[in-house]
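What follows is a set of structures to go through.
In the two assemblies presented below, subunit A is common to both, partnered first by subunit B and then by subunit C.
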Partner chain A sequence: MVRAWSYPSLLAGLSLATLLAFACSLLVGPSGIGLGELIAVLRSGETSTVSLILWEIRLPRALLGTLIGASLALSGASLQGYLRNPLAEPGIIGVSNASALGAVIAIYTGLSLRYPLTLPLFAIAASLIAVLILQSLAHAGRSLTLILAGVAISSLCGALTSLALSLSPNPFASLEIVFWLLGSITDRSMTHLWLMLPFTVVGWSLLALSARPLDALSLGAETAISLGIDMSRLRWLVTLGTAGSVGAATAVSGVIGFVGLVVPHLLRPLVGYQPSRLLPASALGGAALLLTADVLVRVIATQSELRLGVVTALIGVPFFFYLVTRSKTAYIS
Partner chain B sequence: MDAADPIAIRGASTARAARLSSISMVARIAGVALLATASLSAFAASPPQRIVSMNVCTDQLVWRIARRSRIASLSFIAADPRTSAIAHEIGELHLNHGIAEEVLSLNPDLIVTGAFGFRPTVAVLRRLGYAVVELPMAEQLTDVIASIAHLGEVLQEPSRAEALTRHFEQELGRLTYGGDGPRPLFVNYDANGWTTGQTGLLADIVHRAGLSTSGDRLGFESSNRISVETLLLLAPDLVDLGYAWDDPPALASEQHRHPAVRAVLQHTPKIDIPDSAWLCGGPHSLDALEQLRGAREALVESRQEPRW
Partner chain C sequence: MNLEIEAISVAGPTRPILDRVSLTLRPGELVGLVGPNGAGKSTLLRVAVGVQKQDAGRVLLDGRPISRMSGRQRARALAYLPQDRRIEWPLTSRSVVTLGRYPHHNGFSPPAESSMRAVDKAMHAVDADVLADRNVTVLSGGERTRVLLARALAVEAPLLLADEPVAGLDPYHQLHVMEILRDTARLGTGVLAVLHDLSLAMRYPDRLVLLCEGEVIADGPPRDVLTRRNLEQVYRISAVHGMVGDLDYLLPWSRLT
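Take a look at the complex of A and B:
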């Protein structure tokens, strides 16, 4: 199933898809403001309802979709490479749910109102704990152990999130379980973007540094060590990179599943199963997928807006089934 | 205004429960006259002495109509000033949480609740032979009159109910806007972005105040959630952000902190109607109506060339 795509043209194609989805995200909304009006606003530079909608509502939403989608897919690709397990994905192995739990604790105790930075920091700390637990198990056992442990962490954190929100005396808190477990970037603002951006940048940088060592690791741990790869350094790069980017993303958007699973799997054959090439391609693909899902959320008319996690699962799972049934051989990069 | 919904009594104090409940189902369809007969036969002749109310809306009506000495318990929400208009009056009254076991231990001779929620509890209480009165949710202010009359009957306090009704009707007439002048847009942007539609109690109050609702502009019937973007496009003339519900914190009022919402609110007149005034239909709903009516008059006066 490897097609003859040259790597630069693949990246160019994915960038184009991301740009298109980004543009759609700016153009689609309940108000039905068209391209013409938006361009007029850009030209005049005056403050009006349309300019407020563009700059304060749609732009932060599109930027968040890009960053969060990229973070999830990038972490998925690097986790899969490092753990050499095709099912390793922030959502499945519980990192996303742990982040959500951290964010929930920061918000509902009132800490994040006083110190906004506690929101991403708590989420990152919780996801770090989850990744560390998983890695200790991954080293001890086989790949099945890892997934089972991930499912356990994921369920536990989901349950604790529900518990924390149900315990809150605020009558609205329990309704917000849906947001935390299914995700949404509706009506977020630039404040959220600035809050997550530094952690996202650091997380991405760490994951980028893991690209070359992951290439070596794909030949097997012993070969990698003989090639001079510092395994404990690689371990920390992947751990901190995933915790930082997924934690920051989830603190703002809640848990969004499947992006980190589907995107690397789709792209892996196209980059010749090479992790260092898979990472940038996955980041772009994840951004494009999440932006598209977030446009669909707005287009599909429902009583109240659909949750992002619902759409990513609806898009992601059939693709995944297709991939699983097509390739009977284990595909591990 | 249409006639108020017939109020059904679907309960009885004896083993006749099942039969009576089917009678009252028929009565619901047949109309109020038949119903009155059913309700008279369902309750004993002596006035109830241990009244328990399980719903914050019925709490407030029971409190105004029954004598205090006869009220055994109200719901715990009745003591929450955010949602109940009588929170500061009820003092040390026993408060229940609408759980069957708890209600039974109070040994009530009449249980009043809303025809909304508590379904399993009501079913259990009925099966055990307790008299349960369910009042429908007020869909418009005139429904309150029917509920007061009905409660006056089952609580056997006709004169107190009559006095309350008279006052309510008078005030309703005085406060209702009857002109065909402008109807400025009033948007309540509550927690999680909920706002009023074309129908329902809130919409009725807003309409009577001479204002229009988000639902009137956007064409949705019952309450609905709107995004920040839609709020901006509505360009409301008057805004009520509702109770923030941020202590203890939750995301429910996150939208209120959105920079775009703040930018709009800077230039829009605001009003703060306490939830307790219009969450339930009752005499206190008139306070919400009065506040809105006053705001409307001020708005219309302040605009030489109205936008609407």
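Take a look at the complex of A and C:
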């Protein structure tokens, strides 16, 4: 409850954390690259194994981690503000599951083997379709109908994904689907980055435009409308922004839960509960958290690399429980 | 600025919620909107501020239909205190009041100096200066209502519509809020307030509009509206009526069976 930090210093601190996590992401991996080596490679500009690892493997991974973490937490913060519910997260409006279904269809039909780009493209297309269905189902101005429609879309997509799994003709395809669904940003390339970037940028811009109206919405929809807010425009901003940014993120990384729920939740008291201030803080916090989790995935030694979605949930959920039990009154107003 | 509500109708499931209701609100007057539960008072306010759509009729601001105004233009002209007193996040009182400045500034620029002054002035008007840094979750009902009223005043709109501003308040705070509304009107704002307490309705407003089953039954000075006949027919009650000095007072007394 206590605001020990001013808003600019909070943003500065979060930026620093993100930068540190980004640097760690470049430095940590199976083939250890030291800080000295890194700087030498950056200076010389020659092509070597080290530079290849850095430019082709580590950098795309770090950049994707930043974008995806920021997208998940930013849209989580925006949705929590819009639905005025701290339990909301990008999955609640069905975007994540729809996006996953799109990707699974690409894997199932074998298209992703022949044309790798069909996977992210299908995923993004599916998330946009989900938002169009959502908008047509949900009643304007009522947040409950949005949640109901979102949960319905989410369950339907989950069921179709299971169907694809059980009907899958060969075990390799189902294994690939399962692994993809667990969420990871290993072995992605710059192509993935360029592919998701336009959707991410558009999504972020829409979510940024939702910031101030969300402040006014803290006094309820009626007051917000009387302050000149167009509720149906706001809904489009939030849902399309989420579909664009989270759809693109899921398309590249698979489903990574939890970041969108917990990051805004943790940072909310630190920004004085103001929805508009929560958005930039959450974006930074999400990036830092996902990059850190992705570094942990590499550090924790297991036979095959741990999945990112698994790690975010395994570490995050107990921490979340701890926070909720510690301050029952502070979080639930 | 004049608010003219012209022949507003809103359909309901069985009977009309509002049936060709007309009402005018002029600068500097405090008008009380009274009537039994379900008379359509809140609906009328919601239509007037553009929160709800009417089925027929129109709302004019200085002769201009609000349906043709942008959300922001409308918001600057009409401040609205809804019945719903929820505040979703544990914000400070001051940040709640600052939301009233929303229609006045653009984009991401921080609120201007004039806005900060308007916020201070509004908080001062409701006697909430000391509450500024207090979290709204720890406020009492009376404090919360005053903070939300300050939020509406901070808009600095020429017209203020308040839905049951004294509901749930103790007598001290009821009198306080009524005085704030009267003072606001004296400074030139047109104030329309939904009131359930007939004693307050008799004393404070310059004019009363009595609504029953979606129709205007009477419109005029309180003593001409809260007549014995109207109280019997519309409210189905009898009341004690008397004078304190040269002021009328009214006390609802018994139900008519």
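Of note:
Heads up, the rule we're going with is that the second predicted complex is superposed on the first by the 265 of 333 C-alpha atoms of A that agree within 3 Å, B and C clash if a C-alpha of one lies under 4 Å from a C-alpha of the other, contacts with A are read in each partner's own complex, and residues count from 1 in each chain.
The working rule: a residue touches a chain if its C-beta (ideal position, glycine included) is under 8 Å from a C-beta of that chain, and two chains touch if they have at least 3 such contacts.
Keep in mind the model is a prediction, meaning the values are calculated, not measured.
In the superposition on chain A, no contact is made by A:Gly36 with either subunit B or subunit C. When the shared chain is aligned, no partner comes close enough to touch A:Pro8: not subunit B, not subunit C.
Of the two partner chains placed by the overlay, neither subunit B nor subunit C lies in contact with A:Gly45. Of the two partner chains placed by superposition, only subunit C is touched by A:Glu222; subunit B is not.
Of the two partners, subunit B and subunit C, it is B that touches more residues of subunit A. By the touch criterion defined above, A:Thr186 lies against subunit B but remains apart from subunit C after alignment on the C-alpha atoms of chain A.
Taken together, the two structures place no residue of subunit A in contact with subunit B in one case and with subunit C in the other. Subunit A contributes residues 29-31, 47, 49, 52-53, 56-58, 107-110, 112-113, 168-173, 175-176, 179, 186-187, 189-191, 303-305 to its touches with subunit B in the complex. The part of subunit B that touches subunit A in the complex is made up of residues 191-193, 224-230, 232-233, 235, 245-252, 254-255, 257-260, 263-264. For subunit A in complex with subunit C, the touching residues are 1, 84, 211-212, 215-220, 222-223, 225-230, 268, 272-275, 333.
Touching subunit A in their complex are the following residues of subunit C: 46, 49-51, 70-76, 78-80, 82, 84, 86-92, 95-96, 99-100, 102-103, 107-108, 135, 137, 148, 151, 155.
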